[in-house]
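The following pair of complexes shares a single chain, chain A, combined with chain B in the former and chain C in the latter.
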Partner chain A sequence: MYAQLVQSEGGKSRAEMTPREIAFQERIDRGEKIEPKEWMPEGYRKTLIRQMGQHAHSEIVGQLPEGNWITRAPTLERKAILLAKVQDEAGHGLYLYSAAETLGVSRDELMEMLHSGKMKYSSIFNYPTLTWADMGAVGWLVDGAAIMNQVPLQRTSYGPYSRAMIRICKEESFHQRQGYDIMMKMCAGTPEQKAMAQDALNRFWYPSLMMFGPSDKDSVHSAQSMAWKIKMNTNDELRQKFVDQTVPQAKYLGLTVPDENLRWNEEKGGHDFSEPDWAEFFEVIAGNGPCNAERLGARVKAWDDGAWFRDGLMAHAGKQEERRAALRLAAE
Partner chain B sequence: MSSEWPLWEIFIRGQHGLNHRHVGSLHAPDAEMAIRNARDVYTRRNEGVSIWAVKSNDIVASSPSEKGPLFEPSNSKVYRHPTFFDIPDEVGHM
Partner chain C sequence: MTTRTQDPAAEPSAHRDAFVDWLQRMGDNCLILGHRASEWCGHSPALEEDIALANQALDLIGQCQFWLGLAAEVEGKGRTADQIAYLRDAGAFRNALLVERPNVDFGQTLMRQFLFDAWHMEILRKLKSSSDPRVAEIAAKAEKEVAYHLERSADLVIRLGDGSAESRARMEKALKALFPYTGELFTDDAVDQAMAAAGIAPLPSSLKAGWDSTVSAVLEEATLAHPGEVWQHKGGKRGVHSEHLGYILAEMQFLQRAYPGAVW
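And then the complex of A and B:
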């Protein structure tokens, strides 16, 4: 998912809660939505800012690996589709930033936290996109994993977050389908094209499994987030669902999932599979993945290079406003 | 440090004959750019036939703490609903 290792604040037992906090928890338990100006525990607010901020940053940084292929898409139609997909991701970032801002953090503050490394984005976007088949693998696997996480979040307790997720989910299935469509074409192509598709799957399989984050079944943070309904499932549940959904899709393509331990387990009604390399995951999160410096560098450069433009438009808007005020005065 | 673009609330009329509905917000330097950005952010799939942009600062909202005094008075006025009145079947549709 797009929010990994989000530390939640709180974790109070019922006995430690104030009456106000108990009433708040009861509203959530009843399925009520919490809206921006309503009272909420400070921990709920802070945890949400962290999670939504990380989610928004992931949408924005997530444009970079795909943006890499816009000018090199194999056909004009593929180029238009990829452009539309990447533009959607910009939209997703904007919905989520706006939703986070209702909690009292400003857009500039969120940007600053991304650029300084104080806030993270999903580890998946620190991997390179080396061939056109990677556009297929990203849509199919990365958007597929994101959907796994985003669909239940439509029911999250915070109103603006829930509404943003509903909009996002409506747009995501196009993303996954266009990716799978690329994979189908590659797999029906020449042996070299099929080999490229297999290579893309090989490289994106484990990083996709990492998107859900390490097992959190014993984590207090996760338990608190789940009580607040800002996390709806454990990381393991979602990862299992993702594997079970994806394995038959790979089979249809005639591709091999790069895991020799992968097999159907009749008893649990799901696949057994190998865990990704969590040491690698923590390295990537710590900033040492293959593309961390490049991704963050591109974001900081875009922000810095755009400063004159943002300031210019503000100055223009200010002047227009002054002119209108002068005209109003003259008319009086 | 640059000054942040103000926040606008965006309302979209989805189809002719429907009300404008709040869909979210965005930052823009002025009204014209707010409409343009809203077109790109909120209507990429034919979601609208008309856009309103209102500066968030200009919106006056009722406060959650007033919920009781504002809305409870209407709870007791059930006679405002047609179902409060029993009309015999013989009278026909009313």
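And then the complex of A and C:
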């Protein structure tokens, strides 16, 4: 999931709600979509900005670990596919920033919050991509986990978010397939390639499980977001679903999931598995992961180095406007 | 009138070698410029630019696959486009020096792209009527993509040249740095003569007037002074490159070199 630990505002009981808030909640309960110009509780608006902003930032920062291998892609075809994928991610960022702008926050303001550390992006992108197999693992596991969260979000209550998610999901399933395709090639390849694939799974398994956020018992913000249909499933539900989907895929590849406690539980109809190291998760979120400094540093550098470019375009637009005004004046 | 004294079989083979060489020039230009554009992925000044550059790199890599694929076919030695791209050393690369110039800043990246796009558009237009239908077909497809590349790069050169004091200074500097690498695009050598004689491709020198007129018009609107006649570097199309190409290839070819024969 690209939005972890999103703090939710509100959390009022029905008795505490104003009649307007009750009417709003009833619209959501009926499955109606909330549109930009309509009234909404301030907590709903703020929570959505946080979640959509974090999601958009994740797409943008998410270009970096994969962009890391574009110039080293092993064939022209793989290079083209990876370029297309990273381009899609930038496009997803653009849809999501645009959707967030309908809530009264500008893209520049959101960028500023990312750069200052006030807003986060998914913890997963703070892990390094060390081999070509990581391009497979990122597509297979990271995009797989993202889809798990994003498919239900197509039904989220906020119209622009829901519509953005519908477009994004179509592209994400293509991304996941291409990731799995890389893994299949690696696993059918030389012993060195197969070892690379196993190593990638070993390194990305637990960080992928962390993408769904902390366990439900420790997740304090879920209830309100679920009532508002900003969040559709609990963290643990989605994590379980992800594990159950991924384990047979790993088996098909001939890879071993790095968890000694992983086994099928007939009674619950799902796998038992080990929790990721939540201490590590909170450290990564706090900025202490292996690539936090590089990832955020790269984004801040891109923004700062590009200031002259954006200012130059604005200056040109200003000159054009002056010229048009002078022409109008001359014509009068 | 000249009397032919060589072995009659030598001519088709010489022609074939020239054709392969020429196709590699087309493919290598796309490959190396695509590589440079892709270096910006996730690092450009605005989200729209990230998308545009990735898209452009994608177009160029796609065109490279067609050109090098045809080079492999014409060569007839059982090589693939990937083997040509990934298993040659720098001296066998045939791209112009312009496309291997480093990105430096977004201004130089855009100026390099514009100077190349203006040439690319000229040659593709002519190649649509190539005597070789395979060349004509690739050119027709690529021309649609390159028309968009040129529209975009020319527009940005104009806006940044006629923008703020800083953007203008950067574009001026970029033009001064890159213009000396454009002359090579219009020099004719034996390979070009052979291609022109066979009706496969125009002589590079014949593209100069069209390129000049596009470049002059854009520079004028961008309020940038045309550098005029300046010393021109040469060598790329006959395999004598700058130091930069070796590093591009070291990065690009790493996996193919480290794991020979592996399938990816």
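Just so we're on the same page, the second predicted complex is superposed on the first by the 323 of 332 C-alpha atoms of A that agree within 3 Å, B and C clash if a C-alpha of one lies under 4 Å from a C-alpha of the other, contacts with A are read in each partner's own complex, and residues count from 1 in each chain.
Criterion: contacts are C-beta pairs under 8 Å (C-beta built on N, C-alpha and C of every residue); 3 or more make two chains touch, one makes a residue touch a chain.
As the structure is a prediction and not an experimental result, all values here were calculated from the model.
Trainee: Please tell me which partner, chain B or chain C, touches more residues of chain A.
Mentor: Between chain B and chain C, C touches the greater number of residues in chain A.
Trainee: A:E38 contacts which: chain B (first), chain C (second), both, neither?
Mentor: The answer is first: A:E38 touches chain B but not chain C.
Trainee: Between chain B (first) and chain C (second), which does A:D311 come into contact with in this model arrangement: first, second, both, or neither?
Mentor: both
Trainee: Tell me which partner A:G67 touches in the superposition: chain B (first), chain C (second), both or neither.
Mentor: After superposing on A, A:G67 lies in contact with chain C but is clear of chain B.
Trainee: What is the contact status of A:S106 with respect to chain B (first) and chain C (second): first, second, both, or neither?
Mentor: Once the two structures are laid over each other on A, A:S106 reaches chain B alone.
Trainee: Applying the document's definition of touch, where does A:Q87 land relative to chain B and chain C: first, second, both, or neither?
Mentor: both
Trainee: Please work out whether A:A23 is in contact with chain B alone, chain C alone, both, or neither, and reply first, second, both or neither.
Mentor: Neither chain B nor chain C is touched by A:A23.
Trainee: Identify the overlap between the chain B-contacting and the chain C-contacting residues of chain A.
Mentor: Touching chain B and chain C on chain A: residues 84, 87, 91, 94, 107, 307, 310-311, 313-314, 316-317.
Trainee: Please output the residues of chain A touching chain C within their complex, sorted ascending.
Mentor: Listed in rising order, the residues are 60, 63-64, 67, 70-80, 83-84, 86-87, 90-91, 93-94, 97, 107, 132, 182, 185-186, 188-190, 192-193, 298, 301-303, 305-317, 319.
Trainee: Show me the residue ranges of chain B that touch chain A in the complex, using the header's touch definition.
Mentor: Chain B reaches chain A through residues 1-5, 7, 23-27, 29-30, 33, 40-42, 44-45, 61, 63-64.
Trainee: Which positions of chain C touch chain A when the two form their complex?
Mentor: 31, 35, 38-39, 41-51, 54-55, 57-58, 61-62, 64-65, 68, 81-82, 85-86, 105-107, 158-160, 162-164, 166-168, 170, 251-252, 254-256, 259, 262-264
Trainee: Chain B touches which residues of chain A in the complex?
Mentor: It comes out as residues 35, 37-39, 84, 87-88, 91, 94-95, 98-99, 101, 106-108, 163-164, 167, 171, 307, 310-311, 313-314, 316-317, 320-321.
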